[in-house]
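Next come two complexes, and both contain chain A; in the first it sits with chain B, in the second with chain C.
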Partner chain A sequence: RIMPVRWSRYNPSYLEPEVKKESHQKPLEELTEEEREQMELKAVRPIKAAPPSLSSSVFSDPMISKFTNMMMKSGNKVLARSLMSQTLEAIKRKQLEKYHKAPENEKETIECNPYVIFHQALKNCQPIIGLSNITRGGKTYQVPVPLTDNRKRFLAMKWLITECRENKHRRTLMPEKLSQELLQAFNNEGPVIKRKHVLHKMAEANRAYAHFRWW
Partner chain B sequence: TLRLICTTTAVQKRNVGASGPEKYTEAFIKKQIEEFNLGKRHLANMMGEDPETFTQEDIDKAIAYLFPSGLFDKQARPLMKHPTEVFPEQRKIQWGEDGRPFHFLFYTGKQSYYSLMHETYEKFLNVQKHQDQLTAQDLPLQKEKRNLAGSRWLTKIELEEMLLEKVSDDDYSRFIQLLQKLVALPCADIEEKYIQKFSKEVPVQLQKVVIEPLQHDERGVAFSTGEGKRKTARATAVVYDNGTGKITVNGIDILHYFPVLQDREQLLFPFQFLGRIGKHDMVCTVSGGGRSAQAGAIRLASAKALRSFVTEKEVEFMRQAGLLTVDPRVKERKKPGQEGPRRKFTWKKR
Partner chain C sequence: MAAPAYPAWVTRWVSGQWRNKKRPPALRPPRTLALADKVANRREQSTEATCITEMSVMMACWKQNDFNDAPCAEEIRTFYDCVAKAEKERKNQNEDTLSSRGNLPSSKVNKLLKRFPQITHYV
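Now for the complex of A and B:
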């Protein structure tokens, strides 16, 4: 049984809020059975308040807000948010430059939407399998282990941020370096993708210990 | 386990039923009940009321009148209640005069819990046998789904009160799992009565809030007010109809009052959700809290005010989007022996 260590001010019967407008306007016939049950449950149970970072506008993206929170230091959300917007602007500028320089037939292949680039880059950085330390008979082995979706996303974002904070020239600013890394990840190149491949190779090498996993 | 900060003080009450065998004999309690009824009639006579229709409320008022007490603790004041409320229900002594226990599961330590588990499992096997009989006769299995949304299982405290015995978290979760398995079977309707003993209705009526009608000011423009709070910030919002989408906070335009984009997004969230951005004007006053808390308070206030302009279905959508609930998260207190609410002092080896 899982013993939760953190507690929340909400009663456990409170459900998560659903912010997107489209999910409320779907007609009844299109819903599957599970969704119908979910709707009935929502009609009876109380619902938690929406957090300040979540909004129904087109511009709010849960992935981007998670990334901004991870970049934030000492609660300075204003700075983190401005860095994020400057990064997205830098990506757009670089892509537009490439777009205008490219010949006619290649213009369609160049992606200009920074949100699409961000999502694709994150997806490319996500590892499929991870390693975990298991101690048997005094020795600690690195055992390959499947990762949950949340863990994959977290690792991808963490690697990007640590990469940008450490391996840069003293004078480059965060938005520029981040946009560079994101574009490289989008094209499946760059140090973050390399780190992911190294992890995969380690997991493949330690394949013999896979039976140590008991979960 | 999850530490429930939000529940009532009922959680902290000791389980008196499980503390030990009864301290008061049955004869004693019967005598107390007789004395209580006689006393009730005497009191009714004294107050000049009819002894037949003298309710508990009247008793309380009479005692408060005859024995006025200035004590602060309500439980320390003079009390006259039915003995079953004063003397809590306790387990009777479970062994006879020769020392032999009555129940066959006495030596397990938790006799009522284990007997309950045995009973429930018996019902489970019954339902399975019934199911097998139906499949043997090639009859269709009934698939009427119980409305799970409207009912909840008994809480651990309620189960403890029912069994008059301490129930641990593990035991409680095992019991709930068994009940859920029982309910999941298609032919569980046979044991409906047994299951109803352990489930309680969650009334939907609790969430019905009265929506105020629109008021009209001198120029004939419809408006409505709403109040909201978040952390220490308190806000009141007045939403006018036939507007241009201007929002004023404490007499200052939102662009100047909230320089951060996130706060302005929060202010516009209810309007954007309903699709009424350019149609309403808003004037709000806010005090206390910080930048984000004030924005959250105004968001709640405007959502409450918009309820009067909108159909009931849309109010339900707003509630499911989390716009109408008060955020209960507040700053956690600092504990003694620690530097902050969670941070401990630096550990020094010597």
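Now for the complex of A and C:
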């Protein structure tokens, strides 16, 4: 019987699949030593099956896919993906409107690429330091702790999504609200950035407990 | 009137305990005076927190600039570098060699001692 588990059931000798087209089209002479060794290893070892979310197209972005997965509810990937594309379209429309209304000298400063806006907004939302509960002598303290990259990305995306789901008017749709939040985060304003600042302020207030960490 | 408080030896003397030669035993039989093949289980002292100076510098910068990230980019970068270094250090640290404070955990010491036991008999 096969039981569902959370970790991978592949043998550790299986290698990850290489999806990028550029790495396969490189001629043999241009490869460095390590890449040659890597190619020889791949000729001998088995390779894992590529998951359906991994794609080699130029339009796919791992961060956008991760964000879509987090927005998805009860496995409805179609709906989540359509919401994401509508969000990106809404961002593009708003930026284009601003672009055409702006005077000539300001036209270069306006960013119209929704992917760039998305990435920059996420980067602006990522907290730099987090709080973790550490128990000492019966009392639990909130200790400031450095976070890993994955955790920062996850927190930024989670805050954005919860903000969009809870604090909106009953009639506004998700793409509209998300595009608004992303544009605000791109300009370092808005409720998500405020939440990040609140976290930083709490970490700063508790900096005396930083010695409770043991890692 | 409350009971008057006499020192302990007065109460002992009055009760007649010492007259019956009831004294605490002078020496109990000690354990065998020889080295054992194991060390007592001592709680491993945890390492200190890393990167505290960088963190405090970054927080001072935040306080001055109202928690904006743009003016503090340099401090944030140094903090990230320190964190990455500490993480790598933790990963590479091997428990068989001495830890940063020069102590081996008691379980490892016991394993070593078991391999080379104390010889207590002649053959």
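Please note the rule applied: the second predicted complex is superposed on the first by the 187 of 215 C-alpha atoms of A that agree within 3 Å, B and C clash if a C-alpha of one lies under 4 Å from a C-alpha of the other, contacts with A are read in each partner's own complex, and residues count from 1 in each chain.
Note that a residue touches a chain if its C-beta (ideal position, glycine included) is under 8 Å from a C-beta of that chain, and two chains touch if they have at least 3 such contacts.
Since the model is a prediction, treat every value here as computed from it, not as a measurement.
Peer 1: Can you tell me whether chain B or chain C touches more residues on chain A?
Peer 2: Greater contact footprint in residues on chain A: B.
Peer 1: Is A:K48 contacted by the first partner chain B, the second partner chain C, both or neither?
Peer 2: A:K48: touches chain B, not chain C.
Peer 1: First (chain B), second (chain C), both or neither: which does A:I129 touch?
Peer 2: In the superposition, A:I129 contacts chain C only.
Peer 1: Can A:K201 be said to touch chain B (first), chain C (second), both, or neither?
Peer 2: Only chain C is touched by A:K201; chain B is not.
Peer 1: A:H24 contacts which: chain B (first), chain C (second), both, neither?
Peer 2: The first partner, chain B, only.
Peer 1: Look at A:E40 in the shared chain and tell me whether it touches chain B only, chain C only, both, or neither; answer first, second, both or neither.
Peer 2: Only chain B is touched by A:E40; chain C is not.
Peer 1: With both complexes superposed on chain A, which partner does A:H211 reach: first (chain B), second (chain C), both or neither?
Peer 2: Touch partner of A:H211: chain C, not chain B.
Peer 1: In the superposed arrangement, which partner chain does A:P144 touch: chain B (first), chain C (second), both, or neither?
Peer 2: After superposing on A, A:P144 lies in contact with chain C but is clear of chain B.
Peer 1: Indicate the residue numbers of chain A shared between its chain B interface and its chain C interface, in ascending order.
Peer 2: Touching chain B in the first complex and chain C in the second, no residue of chain A appears in both lists.
Peer 1: Which chain A residues qualify as touching chain C in the complex?
Peer 2: Against chain C, chain A makes touches at 124, 128-129, 144, 146, 188, 197, 200-201, 203-204, 207, 210-215.
Peer 1: What residues of chain B sit close enough to touch chain A in their complex?
Peer 2: 1-7, 147-150, 152, 170, 173, 202, 204, 207, 260-262, 265-266, 268-269, 272-273, 275, 292, 295-296, 300, 316-317, 319-323, 325-330
Peer 1: Okay, in this complex, where on chain A does chain B touch?
Peer 2: 1, 3-4, 7-13, 17-19, 21, 24, 37, 40-50, 52-57, 59-60, 77-78, 81
Peer 1: Can you list the residues on chain C that touch chain A in the complex?
Peer 2: 46-52, 55-56, 58-59, 62-63, 67-70, 76, 79, 83, 90
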